[in-house]
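Scrolling down, you'll hit the structures one after another.
Shared between the two complexes below is chain A, which pairs with chain B and chain C, respectively.
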Partner chain A sequence: MSSSILWRGPTVSVPFHGRTDEHSRTVIAALAARGLQAVLVALIVGIFSFVMMQALPGDAAYRIAAGRYGYDMMDAASAETVRAELGLDQHWTAQLADWISALAKFDLGRSLVYGTPVMDEIAVQLGHSLLLAAGAVLASLLFALPVGVAAGLRPGGLVDRASLGLSVLLRAIPFFALGILLILVFAIRLDLLPVAGFRGPEHLVLPSITLGLGLAAVSSRVVRDAVTDAMAAEWQLFSRTKGLSTRLTMFRHVLRNAALPVVAYVGVQLAYLIEGVVIVETVFAWPGIGHALVHAIFSRDITMVQGTALTLGLLYVALNLCIDLACRGIDPRTRAAGRTGPRS
Partner chain B sequence: MLRTLYAALCVAITLGQGYAMAQNKTDLTLAAPWEVASYDPAVSGFAFQRLQLMENLVDADTDGALRPGLATDWSVSDDGLTWTFELRPGVTFHDGSTFDASAATRALNRAWQQPGVLRKAPIGSISEADGAVVITLERPFTALPALLAHATTIIPSPTAFDDDGNPVALVGTGPFRVEAFTPPQSITLARNDAYWGPVPKLAEVTYLAAGRAETRALLAESGDADMVFTLDPSGYARLQDVESINTIALPIPRVVTLKVNAGHPFLSDARARRALSLAVNRDGIATAITRFPEAAATQLFPPALNAWHGKGLESLSHDPDAAKGLLAELGWTVGDDGILIREGERFSILLRTFPDRPELPLIAAALQDQWRDIGVELEVSVASYSEIPAGHQDGTLHVALYARNYGLTPDPIGTVLSDFGAGGGDWGAMGWKNSAVAKALETIAATSDMAIRHENILKVVRALHSELPVIPIVWYQHTVAVADGLKDVVIDPLERSYGLGAISWKN
Partner chain C sequence: MSAHRARPQAKRPSLDGGRILGLTLLGLLTLAAVVGPDLVGQDPARQSLLEALQGPSGRHLLGTDHLGRDMAARLLSGAQLSLFLAGLSTVTAALPGTLLGIVAAWFGGWPDRLLTAFADAVLALPGLLLVLMLAAISPGSWWALYTGISLTLWVEYFRYTRQRARVVLAEPAVEASQLLGIGPWMIVRRHLMPEIGPGILTIAAFGAATAVTAVAALGFVSVGIRPPTAEWGVMMTELLPYWRESPFLILQPVACLFMTVLALHLSVGGGVRP
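On to the complex of A and B.
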């Protein structure tokens, strides 16, 4: 089904080497490139976040003591205790060197504020963030795909114009207000879902929909544009001309072509989500990594900030890899298999 | 297809709820704004104490009167320097290990090394002798038992620490033990059937930290949380109209105050501080911002602090004209832009506050407006609260707005002494010297003679009222929403306990 004439854009012609070898070689090359990228990202992110934390105004010992002991117990004496305990009066280069040498042993250290291992905290929060991100993307696709495809098939039609209006409206509502609105309707009026917390799958529904609606506002337009483009392409006309039914054209060609920009865009959205939509996490009392990162920055929890930034950096690398591989799966041109000629 | 799914979901949820209602409810969900992220009593002890996960040697009732906790009795030597705490026998930690003097001294020594209330007392040593805990002092300090009722002096099991002394688990002696801990958002507790006292009726309790006041109010309204602590004014008003919920507002010994740098040339004269105080419309702030008109502060210590609330004191009043008169006496004249000028200097000062308590920046804005009326220009800086002690230490602070808890321990002397004793305190007087007050506070801390205490407390309260090293603005109300079906709910004004041990559901 991978006929190069059926794909829009320039045709890639690659000499024939035997499909499997070539395929696995490029996959390994992609993996190796991303692996190298991961190491660089770890170092750069760690050093940058450290330097940025050092550059913030205010005395770190005071901020850490505030984060630890709360305003009822925090005072200058507790700040001095923190300074002595954590060795904050050491030169910053010594502190950074400590962190990097610990990192080489895969040790992210302990949270300066809570005393717990950074790795443990991140494991809990990252898990919750990934769950929420997956829920949000799923929710956004559930809204965006049907609406986007329907709008894209008849550009300028009723669905297209109505969904554009709705997109603008949804994008304009802050997540905070949308979240509260959904709680009021589904948890208070209809009493169908819980307000906040994270005990069961039902707790995932409202925060996912809150984020999903906001994401769908944009991604439905991306889907719509991709479908419109695909429908207007010459290969679409060709496949109809050669006798394929509307349904087959739709599923074999239009959706597959339209999927590429959508998958790439979902990748971008996922990155944005994992980083955490802090306000949604706060409204729904969801223990996510974005919320934790903001708290860590406020209370100058340097090891926690470094560890979180590092994890997010590596996650982006992994995410890029997944998106690359997904796009390779969808688009045979990047796989560069040497077969030519239509099969459909 | 979707419609069928949705209908099935609705039916399932309704059935699930019906099933849950038919059972005798023994679980409870509690929502509060405070996140719990650490195993360390010095950091998160307040939550472990309120949830009755860990206990103190000394307990206190809701009036602040001390009563036995893990210690059954305590006594002090005649010279007031050696305190002995007899321990309750037959108590075990949640993991089955025995509570004894060695466990208690380990926990207290650790608490003493960490920032916390024990630093307020002149402690010489904490050791065990004949199965009791013995604390020696460098000079008499009668409030020591009150400090041992504070959250930072709770007793975790020695098994809750790793070999390096880092806290790694939540093991206490309380009526509830930890079932699950998801920092920073939630703790699930189960009844401790081996508890030494009355075993709780609730089998399971879930604590949920919900940072947004809107979320907490909605959790209460939907019934997702059965007890919700600390509501914002609009949430409180809304919940008053919900039938299935009882709302409670309780005055607590927390006070919104203005710390004033009495060492600053504009503010060193008590008349200047009095003028700033007279310009504050406390009724307006209490009505419009905190929305409990009766909580406008008439003096520093609220009625909840019994002995420290001066009965005969003249209330702090709002009189901008008198304020202008006092400032004119001090040589200030009104400049072209309405701001006071003296010897070429404008009366312009900076106020530091923080957003963790959402009403503080609003009150700061109100003060900005009210002080402008008497010709004082106020800039407001909203940042980390650590900027306040930092500004105290480096002397750059002018005025600061914060909420101070004088009920931190059942006897407030520890806090008052560190705030207004010799040299002032990070969260109290700054650049203010009053040796009579410092001496009276030392006397109060050292004596157990009630008459002498009372006489000196009166002396302190009067001096603070007339010299205003800190300017009180409003007292706090503790707001709670409780599900109608709960009984034996007791709200502790000292915020030491959620009272879960006694609570049950009506049948």
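On to the complex of A and C.
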């Protein structure tokens, strides 16, 4: 739940945040629900960006003319040309309609600051952000799976209690503060890894660990609970009774059953991941979409704000869809009778 | 079929000593934010370049920053700002959120569908994106930040209240009360409030922690509260370049933020989830 909002993990076990899997009986329905969400994202981002545009101080026509032709080459006539061309003399409702219809045609316009097409910038940044997100999820699994399974196999044991304490402490450190601490220790004091930027694979390590640790703080507990439940289930005892070895029971039954809540939980963490990407990219000067968004807000480059926010929003929807489908893949019950995952 | 939800509670290691710790810490932080600035007696904005980057002394309890401003005064003034914004946005998210949740559950039909659709629309985007876009409309203003945070936080109260209220209001006891002619206000107070109260408090604690984090994060990436205001995130950005001269300085706002969020999380009790 509080997962949904900003960047700290869920706390109350209320199904939360866009996990509409109780409605997605078929793949088609899942696609339709996420498609609707995508349209909603585009509308919200578009309208917000339009309002931002209107809220800019000064005359938009002059500003755009200056951006196009340079401050020295621009005059009243060129501003009027721009005004007529872009329909800036129309009523705001007509302008909003134009704005949204341009968005519907995937015309994201040009950066107000650099003059380059927003689409080109995003094409480069998206790859960087996806790389970071993948690194973060990988890092979080590397932390959460061993710790969670070890804790879940012996509830109340030493590993369980230690990892609970660690998880509580880690969750209280926001991403950017964790990033600062890791930079201070590993990049500056120990001089093991680069501080920031993007050149080689070693630049990926610190930002991924920052994000991964934050994600693992909560997901290790989800893994732990899932394993505890699977171990306590009757079918686990049955498969032991019928003669399967501990190892076989573990891999064939326990881990597969435990995987479902864990994968579903990755879906819950997606909001957290996207938000984390925005912040962590800024901390580590990672040339991705989140960094570009923050930079664009700072420099009031509104077309860029719109493009990057839209891409992040759609990325969020797309990843959610992947999780929906993955849950169906793991749990055959969700496919059969329109029943859905154990998050009911 | 929530096998994993109906698990026995006894197996979960509890941190209830942690809850006391959290509430105490929270009380101390609030007290420090309220009376601290007067006790320190320094102006958080007063620069004195001759005293820049000093260590702790009798005059400056926690040293001075790169512009010679008193760190203790700045940290406390930052605490005031963070706790004020967190408290304000928690109240303005909790009241409408809970109220609308009850309305949706009570009336059902189109009010329910309308409110749920609005809540889903807010959830279509990750919360931070919404806050960032609002902050972009009016950069540097605290009210844009506050509006954005409240707008994303109210949904949690709404969804939780609606879900629980639908169950409670369908109970025979509520039906009996209605037949006895007891008014809706009394039913909400007697039957619903005891049921949802603890959950709302939990959401409020985590929501406040989220708000504190959000304010600092946006300040840190320079799109929230702007310098020279003493705000923890802004202070981290300002002090990061001086880690070599005085590593102690950058750790101070980090520690403040950590303690506040930890106190709020622990105050809920029960470790990870209630």
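Here, the second predicted complex is superposed on the first by the 219 of 344 C-alpha atoms of A that agree within 3 Å, B and C clash if a C-alpha of one lies under 4 Å from a C-alpha of the other, contacts with A are read in each partner's own complex, and residues count from 1 in each chain.
Keep this in mind: a residue touches a chain if its C-beta (ideal position, glycine included) is under 8 Å from a C-beta of that chain, and two chains touch if they have at least 3 such contacts.
Here the structure is a predicted model, which is why all the values come from computation and not from measurement.
K.L.:
So, A:F298: does it touch chain B (first), chain C (second), both, or neither?
P.N.:
both
K.L.:
Return first, second, both or neither, reflecting whether A:M119 touches chain B, chain C, both chains, or no partner chain.
P.N.:
Neither partner.
K.L.:
When the two structures are overlaid on chain A, which partner does A:W286 contact: first (chain B), second (chain C), both, or neither?
P.N.:
Only chain B is touched by A:W286; chain C is not.
K.L.:
Between chain B and chain C, which makes contact with more of the residues in chain A?
P.N.:
C
K.L.:
Which partner chains sit in contact with A:L314 here, chain B, chain C, both or neither? Use first/second/both/neither.
P.N.:
Once the two structures are laid over each other on A, A:L314 reaches no partner at all.
K.L.:
A:I330 contacts which: chain B (first), chain C (second), both, neither?
P.N.:
neither
K.L.:
Given the touch rule stated above, what does A:L192 touch, chain B (first), chain C (second), both, or neither?
P.N.:
A:L192: touches chain B, not chain C.
K.L.:
Quick check on the superposed pair: does A:V218 touch chain B, chain C, both, or neither? Answer first, second, both or neither.
P.N.:
In the superposed model, A:V218 contacts chain C only, not chain B.
K.L.:
Applying the touch criterion given at the start, work out whether A:R68 contacts chain B, chain C, both or neither, answering first, second, both or neither.
P.N.:
In the superposed model, A:R68 contacts chain B only, not chain C.
K.L.:
Counting only touches as set out at the top, which of chain B and chain C does A:D229 meet: first, second, both, neither?
P.N.:
So A:D229 only meets chain C here.
K.L.:
State which residues of chain A lie in both footprints, the one left by chain B and the one left by chain C.
P.N.:
Correct list for chain A: 180, 184, 188, 282-283, 298.
K.L.:
Mind pulling up the chain C residues that touch chain A in the complex?
P.N.:
Per the touch definition, chain C meets chain A at residues 1-5, 7, 11-13, 15, 18, 120-121, 123-139, 152-153, 155-156, 159-160, 163, 199, 202-203, 206-207, 209-210, 213-214, 216-217, 220-223, 233, 236, 240, 243-244, 247, 250, 254, 257-258, 261-262, 265-266, 268, 271-274.
K.L.:
Under the definition above, what is the set of chain B residues touching chain A in their complex?
P.N.:
Spelled out, the residues of chain B in touch with chain A are 9-10, 13, 29, 31, 35, 37-40, 42-43, 46, 114-117, 119, 152, 166-167, 182-186, 206, 208-212, 214-215, 218-219, 221-222, 224-225, 354, 356, 383-387, 389-390, 392-393, 402-403, 405, 408, 418, 425-427.
K.L.:
Can you check the complex and tell me which residues of chain A touch chain C?
P.N.:
1-2, 4-8, 10-14, 16-18, 37, 40-41, 44-45, 48-49, 51-52, 55, 155-156, 160-161, 164-165, 167-169, 171-177, 180-181, 184, 188, 218, 221, 225-226, 228-229, 232-233, 261, 270-272, 274-275, 278-279, 282-283, 293-294, 297-298, 300, 302, 305, 309, 312-313, 316-317, 339, 342-344
K.L.:
Taking the touch rule as given, give the residues of chain A at its contact with chain B in the complex, in rising order.
P.N.:
Listed in rising order, the residues are 58-59, 62-63, 65-66, 68-79, 81-82, 110-111, 113-116, 121, 124, 180, 183-184, 187-188, 191-192, 194-199, 202, 282-287, 292, 295, 298.
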